[in-house]
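Presented sequentially are two complexes of chain A, the first with chain B as partner and the second with chain C.
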Partner chain A sequence: MSILQPLLVRTLSLVVVFFVILFLLVITLGATGFSDRTLRSIVNEDLRGIRTGLAQTIRDPDQLESVMRERRQDLESFYDLDKAWYVRLPGSLIRVITLDLGEARNMRAFEGSKKISRIVLERLPNTMILLTTSFLVTTVIGLAVGTYLSTHPGSRLDRIISYFAAISFAIPAWWLGIILILLFAIQFRIFPSGGMYSSPPPVDSLPRFWDLVLHATLPIITLVLVSLGPYIYVVRTMTINIAQEDFVRTARAKGLRERHVLTAHILRVASPPIVTGLILGLTGTLGGSILIETVFDWQGMGRLYFETFAGTPDEGMIVALTFVFTLMYIVARIILEIMYVLLDPRVRY
Partner chain B sequence: MGSNEIISHLFRSGSGRLGILILFVMVSVSIFVLATFPRNFGSQIWSDPSQWADYPKAAPPQWVNLISEESRPKHIVLKMSQPGSENIYGGSRTNQYSAEFVHSSNEPPSFLSISFSEIQFHTRAPQIRISLLRPDNKEIVLFRHIVRGPRAGETSPFSRYSESDYRTLLTSDKIVLNNVETFFKTSFKDFRGKAFNPDIARHAIFGTPIFEDSLNQTEFTPLTGRYEINIQVISDPRDDIGPMQFVYGGSVYGFMGTDAQGRDLLKGLLFGLPIALLIGVGAALLTALIGTTLGIASGYIGGWVDICIQRGADIVANIPVLPLLIFLIFIIGSKLYLIILVLVAFSWPSLAILIRSMVLQTRSSQLVEMAITLGASPTRIMTRYIFPQTAPFVFAQLVFLIPSAILAEAALSFLGLGDASIPTWGQILEQGFRSGGIYVGYWWWVLPPGLLIVTTAMTFILLALSMEQVTNPRLRKRPLQ
Partner chain C sequence: MSTSLLEVNNLELHYGPESSRVRAVNDVSLSIHESGRALGIVGESGCGKSSLSLALMRMLDNAVIQYSGSIKMEGEELMTMSDDEFRQQIRWSRISMVPQGSMNALNPVLRLGDQISEPLLYKEGPHKTTKKEAVARTNEVLNMVGLSEDIASRYPHELSGGMKQRGLLAMALILKPQIIILDEPTSALDVSVQAQIMNLLKKLKTDFGLAIIFVTHDVALASDICDEISVAYAGKIVETGTAEQILRDPQHPYTKRLLVSVPTIKSPIPPDFIPGSPPNLSDLPSGCHFHPRCENALPICSKQIPPVIAKGTKHLAQCWLLADKPLG
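Up next is the complex of A and B:
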C-alpha cells in the first residue's frame, strides 16, 4: 500500500495531463476553424474529380448541378462536415485513443500502406535506436566522469566541464548537428551527411548494420553532446553534496573500501535526483528528436511529425501524431515516477 | 537582498562583467538597427527578390580573399548620373557616360548587369549603346537598346522606366552573347571558324583567346587590368535621361556574404538582433509577470485559488513543450506576437510554483503581520509587502527565461514556423539548411546566425549565473533545446 499510493497519485495526475492535452487539441483544431477548413477543401477536391467524371456522361447542366449537390451532401455527411466540430472531433479523438489511428491522406508507409498506425510502427524503432543509444552513452560517460569529478573538485577538468555545461544550455542541438555535418560530412567526409542508409542500401545484414552505425554516429554524437554537460554536472554536484554527509564519513571510518563507499553509500543516496535528471533529459530529447531527425534526415517519429506539419495539412495525421507524441511522453514520465518511488524510500512514507 | 546588491554583484564576477559588456554592445547595435532600418524591412526589403537582383548569389564574405590563395572578384556597383561629355549636332544630342573599374582577379565576375531609370523623351525614342573598353584597347559593343516608342494615344513627353528600372543581365542575354562572338571573330583573326561556347562568355569578355590545335574549343587566359564601361545615349536635346547603374557582380560580397537569393546576410543578421532581444525580453517579462502574479495569489490567498493555480501549473509544467508548440503555432498561425504568447503560456508554471513557496514563508513574517494589523488590504499586502521580497529572485529568473525564449523561437523558425514577415536568425538558418546550402558548404550562411543565437543566449546565461549566487543556486532551469 505504502508504495502504491504515491505511485497512483502521480500516475493519475499524469493521466489528467494527458486528457487536458487532448482537450486542448480538440479545442484548437475546432475553435480556430482549422478542422472545418481542411475538411471542406478535401470535399471540394473530391467534388472536382467527380464533376469531371460526371461531365462525360451527363450533358444537361441542370441535371449535373443537382447530381453534384447530392454528391456534396453525401460527402459532407461522410466526412461528418454536417455536424459541428464539437460533435465531430471528440468522436475522432475517441477513435484515436482506442489506438485506431485511421488513414493518412498523402503520406505512405515504406511498404505502401496508408494506415497511420503502420507508418508510426515503421518509424518508432528508428527513433528508439537514436534515443536509447544516446541515452546509454550519456549515462555511462556521465556517471563515470561525474563521480570522477566529485573526487577532484576544482581541478582543471572540473572547471572545463562546468563551462561546457553552461555553454550546452545555450547551444541549440539542431545547430550543433548542422555544424557536425559541415565538419565531418562535408569537409572531412568521414560520416554521411544524413539519411539512415546509403543508396542503394547494402543487402547483407552485416554491411547493412555497419552502414546504419555510420549514419547514426553524427546524430547520436549531437544528442550526447547537448545532454552530457548538464548531466555530468548534476552527477558531480549530487555526489559532492552527499559525500560531505556524516554517514559517508562513518562508512569510511568503518574502514570500508573507497569503491564500496562510492557505489553503495554515495551513489545509492544520490541516485533519485540523478535518475530524475537523466529521464527529464530523455523526455527533453523526445521533443529534440523532431529537430535532430529533421537535420539528419533520419526516418523516425520526429521527422514524421515535422513532415506532417510541412506538407499539406492532414487533420487525421496531425491528431494521431500529436496523440502518439503525448502518449510517448506520458509513458516515459510514468516510468520516471515509478523509478523514483522505487529508488527513494522517503517518498513511500 | 536589494537590487543594488544584485547589480554590484554582477560587476564583481568576471562572467557578470563579460555578460554586461556583450549586452551593452547588443543593445547599442539594436538601437542603431532600429534607427537606420525601415520598420517594414522584412516584408518590403528582405522578402522582395527584386531588391536583391543586382547582388551576387551565394557569395562568401569578402574577407575570404585574405585567407584563400586565389583572390575572387569583389562586387562593384558603378552609378552614372551625369554624362562625361555632351555633343549636340543637327538636332540630336549624344551623351557619353563612362566609368572605370579594375578587374584584378583570375576569375571572371559572376555577372554583369545594366539598368536605366526615369527616361523621358519628346519625339524620337532615345538609343542607347553600351560598350566595354578592355585593357588591350579593344572595345566590345555589348548591347544596343532603343527605348520603347510612343504608344497609340500617348502624348509627349513620354515617360519610360519611371516606376521600375529597365534591367538587363548582360552575361546571359542572347543578343549580348552574339555581340561578344562577333567581337572575337572580327578582332582575332584566328577565331574564325572556331566554335564559340556561350557558357564561357564571362571568361571571354574578361580574357584573351588562346589558339592551340590540340584544343577542341577556344580557351581564354584571364585579362586583368583597367576596364572602362561606356554608355552612349543618342536623343533629342530636350530629353531627360535618369541615372544608370552598371554592376560587376563579384563572387565575394560584403562582410557576411549573401544567400542564394543574393540577400546581404549582414543586413538580415543585424535586423535579427533587435528581434531576438524583443522575443527574449518580451516573452520573459510576460512570463515573469504572469508567473509572479499567480504565484503570489496562490501563496497568499490560498484555498481554492491556490489549488486551482497549482493544479493548472502542474499540468502545464508536464506538457511535452516542443510538439505542442509546433502544433499550436501551425494551427493558430505563425505571427510573432502569437509565438511569444504561446511561449509564455508554456513557461509560467515553474515560476508560479517557486514564487508560491517563497510567499508561504513571507506571509507569516512579522512584516506582513504588522501590515495586516494596520489594516492593509490584501492587494496592498501582496503588491507592497510580499512582491518586493520576491523581486530579486524574479529578476534573476527573468534573465534565465530570456535565452529559453530566444532558443525556442529559433527552433520554431528552423522548422519553418517562423513569422515570415520578420526575418529572424532561425529563419536565415532554416533557409540555408532547406535550400541545401550546407551540403554544398555555404558555411557563411549557417554558421553566423547560429553563432549569434548562441552568443545572445550565452550572454543572458552568464548574467543569470553571476546573479545566481545572489539568489538561489538550486533553482536552475534548463532552456528548451
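Up next is the complex of A and C:
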C-alpha cells in the first residue's frame, strides 16, 4: 500500500471542500441580491460623477438623458449587471481562483496601491505573526501541562485545570480581549491597548521589534487563553487513555526509561488525536482572529475583513478575503491529513 | 546444596486502598532450580496469577501498598535493589516476559522490528549496541521463533495472531534472558496455532536452556510443557509438585476439583465444576481460603491457616486434611 494514494484522496476531497465553500459564497452573495445592490450603487455613484461632468458640455436635457442612458448601459455591461448573478459571479470566482483579484473600490494598501492582492498580501504576515506565535505557545504549554496532568490525575492542579478548561472553552475571545485591555492597558498600563507599533514607530530594527512584541503580547495571550484549556484536556485525556493500554505495559516490562516510554510509546500513539486537536484549534482561531484583530486594532486580515463589511461593502474584497481564509483553512487541513497518515500507519485508504 | 536459578520466598503484593486491601499475591514461595526447566502456575481467573508475574518483574502500579518478601536469583537478593538497578540489570535482561493479551501488547504504530530491538538501542547498560548489531540480533531472534526476517518491517496490524505471539516471544528473547515469564501466552489463539506456539516453547526450552514460568488457567496446557506445577488459589500457592505428582496424585482438594473440571475428549465422565466462585481478594475467608467451597472442610479449616505438608519429595500442599492429627 502506497502512502501517496491516501494523501491524494484526502487532498482531493479537501479541494472539493474548497470549491463547495466558494460556491456557497457565490450563492450567498448572489441569491440575497447583495451583489446586485453593491454593483448598482457603484454604477449610480459613477453616473453621478459623469452627470456633473456632462452637464457642463451638453445643455439639452433630453440629449443629456439619452447620453446618460448610454453611459448607464455601458457601465452596467462593464460590471456585467445586465447578466444574472449566477452568470456573473462564477466569472468573478474564476478570476479569484486564478489569483486575479482585481482592484478595491475605496481601500488602499499602506503603500498606496489599489490592487486587492497587494492589500491582502500586506496584511497576511501580520495575521500570521499572531496565529503562529499563539499556536506555538499553545502547543508547548499544552503538551507540557497535559502530559504532567496525565501522570497526576485527580491532583489539586488537575482539578483546577479542569475548571480552567471549561472556562477557557466557553469564554468569547473578544470579551477576554476587552477585559485584558481594561486590566493591563488601562488600569496597570503595562501593555499598549492596540495597534501594532507605537506612533511614531521606533526607527531601529531592535527597538522596533521590541515595540511589536509589546503590542502583540495581549492579543497572543487572548488567543492562547481561549484555545489552551480544551487543548490541555485533549492531551491529558488521550495520554491517560493510552497509558492504560497493554503495549505500554510491554514497553515498561522491557525496562526502558520512563521518559522513553512516555515519548516513544504513549505520546507517539496519542499524537494523531493531539495533532488533530491542535490544528482544528488553529483553524478555529482563524475565525477568532477577525474579532481579536478588531478588538486590538491589529492590521491583519481579520481586521481587513471587518473593515470590508463596515462602511460600504466591497464585493471584490469579500470574495478575495473569503478565498484567502478558506485557502488557509484548507492548507491547515491538508497538513493535518498528511501528518495523520505519517503518524498512524493504520490510516490507509 | 547448589543455589537455585530463582528462589522466591514469602512474596507479598497488595493493592490499596488500605481499607479494602487486595491481597493479590499472598505469601507465595516458589523456585526454579536450573535453566531449561519450566514451572507452571495454574489457577482460576482472579487468583492473582498475573499479579504474581508482575511482582516478579517488579512492575508495580501506583495502587500497590505492599511489596515484600524475597526474590533470589542465583543466590543474589533482588528485593534490596533500587528500582533503577532492577530495571537496568534484571528486567528484560535476566527475567523477561511475554505479556498477556497479545492482541494489544504490541505498539500499533511502530514496526515489529523496531519494537524488538528497542531494548538494545534505548536501554542503559551493557546491552547497548549499534543499530547494525541490533538489526542482526533482531533477525536472529526472529529466526529463533520461526518468523522470516522481512516481518521486522511490518506493523502489528499486518500480522496474524500467531505471528504477533511469536513476535512478542522474539521480543522477550532479545536480551538473552535466563528466565521468561509467559502470562497466558496462548489464550487468545486458536488451538492449532496454540499447538505451534507450545512446540516452539518446548524447543526454546531444550535448545537454549531457557527457564520458563508458565502462567495459565489451563492445567492441560501446563502439563504439556512444565516440569513442576504450582497451583494458585486466592493469591496463595496451595499445592506444588512435579507435573507428574500434581496430575496423577493431587493432594489439595482444590487441585482435585480443578483437574476434574477439565473436559476430556474420550472419557464418558462429564466435567464437574467447582461450586461457588473464587473469593474476593480484598475480603478473603478466614483460615484456609478455600474452605467455603471445599466439600471436606473441617471445623478448623475456617479458623486457622493450614500448615504446608510434604507428601513426598518436592510435593507440598497446604491443607488441614493432610495433617496427621487434625486439631479440633
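Heads up, the rule we're going with is that the second predicted complex is superposed on the first by the 347 of 349 C-alpha atoms of A that agree within 3 Å, B and C clash if a C-alpha of one lies under 4 Å from a C-alpha of the other, contacts with A are read in each partner's own complex, and residues count from 1 in each chain.
Throughout what follows, contacts are C-beta pairs under 8 Å (C-beta built on N, C-alpha and C of every residue); 3 or more make two chains touch, one makes a residue touch a chain.
This one's a predicted model, so the numbers in the text were calculated from it and none came from an experiment.
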Review point. Do chain B and chain C fit side by side on chain A after the overlay, or clash?
Key: fit
Practice item. Answer with first, second, both or neither: which of chain B and chain C does A:Thr32 touch in the superposed model? Key: first
Check your understanding: After superposition on the shared chain, which partner residues are touched by A:Ile3: those of chain B (first), chain C (second), both, or neither?
Key -> neither
Practice item. Considering only touches as defined above, state whether A:Val226 meets chain B (first), chain C (second), both or neither. Key: first
**Study point:** Which of chain B and chain C A:Ala166 touches, first, second, both or neither
**Key:** first
Review point. Taking the superposition as given, does A:Ile141 touch the first partner, chain B, the second, chain C, both, or neither?
Key: neither
Point to revise | More chain A residues in contact [chain B versus chain C] | key: B
Practice item. Enter the shortest inter-chain Cα distance between chain B and chain C once the structures share a common frame, rounded to whole Å. Key: 21
Point to revise | Set of chain A residues, in rising order, touched by both chain B and chain C | key: none
Revision key, fill the gap. As the complex stands, chain B meets chain A at residues 314-315, 318-324, 326-328, 330-332, 403, 407, 410-411, 414-417, 429, 433, 438-439, 441, 443, 446-447, 450, 453-454, 457-458, 461-462, 465, 478-481
Exercise for review: Write out the stretch or stretches of chain C touching chain A in their complex.
Suggested key: 57, 59, 87-88, 90-93, 96-97, 99-101, 104-110, 118-119, 122-124, 155, 157, 168, 171
Check your understanding: Can you name the residues of chain A that touch chain B in the complex?
Key -> 13-14, 16-17, 20-21, 24-25, 28-29, 32, 34, 166-167, 169-175, 178-179, 181-182, 186-187, 193, 226, 230, 280, 283-288, 290-291, 294-295, 305-306, 309-310, 313, 318, 322, 325-326, 329, 333
Revision key, fill the gap. Per the touch rule, the chain A residues reaching chain C in their complex are 245-247, 249-257, 260, 264-265, 268-269, 343-346
